[in-house]
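Each of the two complexes below includes chain A, the first together with chain B, the second together with chain C.
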Partner chain A sequence: MLEEPPIVDEECDRGFIKKITEFGGGDVQVCMQCGNCTGVCPVSMKTENKVRNIIKMCQMGLKERVLSTPWVCATCYRCFEHCPSGMNPAELIVALRHIVVREVGPPPFVVETSHNVADLGQSMKLSANIMEMRKEIGLPAEPFDKLFRDKAVNDIRTIMRATGFDKLIGIKLGD
Partner chain B sequence: MIPNRYPGIEQSIRKVIEGLGYGEKFADLPQATCCPVPGVFYSSDKSTWLALAARNLCLAQDRRLEMVTLCNGCFASLLKATECLSKPTTMGEVNKVLREICMKYTGVPRISPEGRRVLEPVKVRHFIDVLYNDVGVDAIRSAVVRPLGGVKVAVHYGCHYLRPTETGAIEDPGDPHMVDDIMAALGAESVDYQSKLDCCGAGGGVRSHVSELAAAISKDKYDHIESAGADCIVTPCPFCLLQMDTVQERFEGRKIPVLHAAQIIALAMGADRRMLGLDFHKVPVDGVLSKTRGG
Partner chain C sequence: MAGEGEAKVGVFVCRCGANIGRVIDCENLREYASTMPGVVTAMTHDYLCSEDGLKIMREEISKSGADAIVVAACTPRLHEKTFRDNIEAAGINRYLLHVANIREQCSWVHSNEPYKATEKAKDLVRMGVRKARTFSPVEGVSVQLKQEVLVVGGGVAGIEAAYDLAELGYRVHLVERKPVLGGNMATSFTCLLWCHEVPGKFQTISFRQGTFPTCDCSGCTITPRLVELINHPDINILTMSEVKEVSGHVGDFRVKVVQKPRYVDEAKCVGCGNCSIPCPVTVKNEYDFGLADRKAIFIPYQQGIPRKYLIDMDSCLRSRGEECSACLDSCPFGAPDYADKGREINLDVGAIIVATGFETYKPHVKGYLGYKESKNVITAVELERMLDKAGPTGGIVIRPSDRRVPKRIAFIQCVGSRNRRINEGYCSKVCCMYTMKNAQAIKETHPEVDITVYYIDLRAVGKGVEEFYHRTREDYGVEYTRGRPAEVLEEKGTQNLIIRAEETLLNKITERNFDLVVLSVSLVPPEGMKELAEMLKLRLSPDGFIQEAHTRMKPVETSIDGIYVCGCAQGPKDVPESVAQAKAAALEAAILLHKKVWKTESLNAYVDSEKCIGCELCIETCPYGAPVLEKVGQGNKARIVEALCKGCGTCVVACPSRAIHSRQFTDRQLTNEIRAALEVK
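Right, the complex of A and B next:
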């Protein structure tokens, strides 16, 4: 953070804290900057993205700076376990991701996995290799009966349309 | 993820359930889908996440079943969904969406001790909880036909086993023992190591989004497990398995095989090892297999 440009008043977005709360990130103002979260965070240990700094930037409304920090929380919830103020920093990160998806756009893996779920009902594709493996170990090549799978996929697409997820992520749902 | 990436885990749990004589107590949910994966859906749109999870929960609810998962991620995702759905307003909003697919989440009716009809959330359980608390370690020990004497196991619990939700922990997240106890019942020795309760690094989309960072986090764990002299890593989560198994091609030194808990239990219970999908792991599992008596 020391190498970052000085903070100017215009950077501070007064509505940011409220927005974080709306997306379920909790009240960032209860954080007293003790740094316990950073001390137990596997990502903070390996990168410059320290949880405590992110929370401080949220408190100050430094929205642009926060939203440009990478999508790198493992959601291990150790921070929550160690927070003496009762905050759940991992849930704050989840809220920030909601804002990133809406204002910057979803990262590529989110688009790809959403596609898989909408097309197959599963997060990962079923490759020819795996189908072969399934047969070799005595399972049906296709894990799900086609009729059930088609119905499930249809349900998923209906849900995604109803919540507007397809538009939010920018995926096209088949019929 | 299990059926499409690690079908050996699927086959293993089928063998374990059958071998323990619990075949009739379990049923498949053929319409079930991805939980959905929290690093993608819970992170980007909670209302879609909750509706998709509620759809899966309805499948169990309508058949009056508990939902058992073989994955820490599914466990946390579905358990958190039942907690969210306990709020009547949230349940109402979700049901507006579910109406479009002719489903409704209400919870499961039960008769309270006072004789009243109450609705309880669909019960979401991790299979380790079921094995430990319903089946019991003694029953597992009795079912072992190929004891794992001499096998040193490094147990990796994984974050969402330890901390699925703010209040839903199965056991003390600071001092878990269920998987260790099950390993002991199989005859294996669970070795302690420094970062035992730490994250594998893959969760929350880190592996998919910044794989080098996930690998850097895994490296610490790998180093500690390596110096503890473990023969293999055992985890109750397929995603941690994927990470700890595939990440090792980046590291110098001894390769340590990684097994899902269901696989090693099935192995000890005498299942044909070719049926457990072990040959398809990146790090060969042969070393562990040759240590098992009669294996």
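Right, the complex of A and C next:
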């Protein structure tokens, strides 16, 4: 038996819609729940919370529920291309991410990825395995030379400081 | 008659129940007004517009001897005419009235600041009184009304309006662009002359397809009316004709109609069809969306009225210089006339009814939902041609790719409607129902076919329509899936179609295979709507259809006096609604014309021709086309056609030599009003 309590008024935060707009998520109330976005979404098949469900939760103000959902989106913008209401669900999801990071805190993989970007200028560390494979086919172990990488990392750190990204995620940049 | 600045002003303050009285201290306002110079009486009432209020107002006017009136009440848009009529009944010129808006502009917008609202109301009344003291009487303009009507569009709305007016005794000119009358109802959209009993399981039911919710045969419904129409002595039918120029005004519109050549003498042709048999040219019939062929001399559909043949000169051999006369040789009446040049007809009518109908949406991008990319994706209009017993496939539904009868058919709703990317995103209102009708029709002839309808929301409203929906699901077993299809992909080899969509009620993504996909296309404004609206100076609503004068109270009137709208020209609607509107429009036109003389209601502008320099700026800026240029002595001078003028004041502002004045809004009157507004209390 599935034990699922009903959604009650206490869960619905009507002010949440305004907050989404403030964070650049657009107007979720234009959505008529036609499901076109889910149909074209490449990741909705793999998840329980489909794009349309996320929008519906936002319309109802189910803040607690929706804040656990926004990390699988690939921001491919296919939903935006097809939406007959002219909404941009991908931007909504980006806005939700902003809200999560500020109100709940960034999830561990976001912290890790952000550190990688701040340290290496790229989101993923090169594993020893990959470096070995690169050498086997005659490439240098690292794709960028040190000078280029240092300059890129420097630029990225400047942007992070200027935008407050470092403090938001909790990265110590030194200086 | 009161000279300027000498008028004795009566002030009437309306409490509008609690609407004004709850916020504004009306007694205080009345006292204030009674102390103003020139005011001979001031009183309040709970509802001035009520019978009692109007009576008291008339009595007070005659008692006090007031000869200019200020009413402090709601917006003049609501009751200006009521109060004008009332003061006229009391013996004062109807234009010696000023309405100070103390409801919309005072009590409603300042409901939480009653003191300030009362002060503002005093300001508005003071301005009104100061202006009213300088009022001078205005004589309205009278126009003789021509007892003829032009109906543009020969669809179901147009023919109903034309018929009713002709029955009322007016001469009617019915202009239709196509070679046949009946419009979308009699032709493609619901044209299904299918009166035969269908073989097979459902033999006992005499099923006729056509209009929802009863599935009456639309051909059988409209044809009797069409026959009455073509035989009516007071109706002048002009097919293949378009309105090219309109000038004049209510009661006296001058209309130029251009009739394209038919190349067949309508008077001689009896519609026997002997001509088209020997015609050597065969082309795809555009009226059947290329599903069948026709000759160069043809009738668009078998049941078309008037049943007169026409020659398509673009495909006729004679257009290439060949001396073919096969049709003329075979016609027993000598009807084909290769020298036909068409003609120009000038009409002079008192009123115009616009009934130009609609077109169906053509999926805009090639490949939108597979249309024009996959052969087996068709529109509902193409499907309905197939369902026509007299149509290109004889009533059998086929897949265009291999002409097989499909086993699984999908309908996709809201194609071209509820989509803010392509237009205003309006709902086309009828597609839910015509899809039910089409689904039922298919199930009648092909009961083994599986039908799925993809929809967003189902809008089955109206008398008998909910029942119609139930029948579609319960008696015919049509399945409804809630979700807007994301993609329609063609399967290689079979040319079947795969629809990917979310079934939103299950929260699952579906991928299903169909033999035929039908797009339920929306209703859009017809080609040329913009040009026609420009010609007639009509406003269009954001969806591109004609804007009626008032959504609730003036549904068939337009912004121009003497021009009415009905049917889908005003917005998507079904046949019963179009007919109801057509009858309303006919009645409105008759109400206007039967008076024989029309009096203007609006305060119009006039030109001081001594100051006018003939620069034509007024002509350029006027939204109603009221100013005209006339030769006076050496130069040109502007003149305002009073029957067209609405008194909006645009030309007054535009005029560089200050030669145009608006009655009751003269410079002096406005200056007085402004001075009163800025006065320190």
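Going forward, the second predicted complex is superposed on the first by the 129 of 175 C-alpha atoms of A that agree within 3 Å, B and C clash if a C-alpha of one lies under 4 Å from a C-alpha of the other, contacts with A are read in each partner's own complex, and residues count from 1 in each chain.
Heads up, the rule we're going with is that a contact is a pair of C-beta atoms (placed from the backbone, for glycine too) under 8 Å apart; a residue touches a chain by one contact, two chains touch by 3 or more.
This structure is a prediction, so every number in the text was calculated from the model and none was measured.
> Between chain B and chain C, which makes contact with more of the residues in chain A?
Larger number of chain A residues touched: B.
> Tell me which partner A:60 touches in the superposition: chain B (first), chain C (second), both or neither.
In the superposition, A:60 touches no partner, neither chain B nor chain C.
> After superposition on the shared chain, which partner residues are touched by A:34: those of chain B (first), chain C (second), both, or neither?
Only chain C is touched by A:34; chain B is not.
> So, does A:52 touch the first partner chain B, the second partner chain C, both, or neither?
The second partner, chain C, only.
> Considering only the touch criterion stated at the top, classify A:144 as touching first (chain B), second (chain C), both, or neither.
first
> Return first, second, both or neither, reflecting whether A:98 touches chain B, chain C, both chains, or no partner chain.
first
> Going by the contact rule set out at the top, does A:84 touch chain B (first), chain C (second), both, or neither?
second
> Taking the stated contact definition, name every residue in chain A that is touched by chain B in one complex and by chain C in the other, in rising order.
Dual-contact residues (chain A): 45.
> Could you please specify the touching residues of chain A with respect to chain B in the complex?
23-24, 42-43, 45-47, 70-78, 80-81, 88, 90, 93-94, 97-98, 101, 106-107, 109-110, 113-114, 116-117, 120-126, 130, 133-134, 136-139, 143-145, 148, 151-156, 158-160, 162-163, 165, 168-169
> Spell out the residues on chain A that touch chain C in their complex, using ranges where they run on.
30, 32-36, 38-40, 44-45, 48, 50, 52-53, 82-86
> Using the touch definition up top, name the residues of chain B that touch chain A in the complex.
Interface residues on the chain B side: 1, 3-5, 7-8, 10-11, 30-34, 36-48, 51-52, 55, 97-98, 100-101, 103, 159-160, 163, 166, 173, 198-199, 201-206, 208-210, 213-214, 216-217, 274-277, 280.
> In their complex, what parts of chain C are in touch with chain A?
Going by the criterion above, the answer is residues 414, 418-421, 425, 456-457, 482-487, 500-504, 507, 509.
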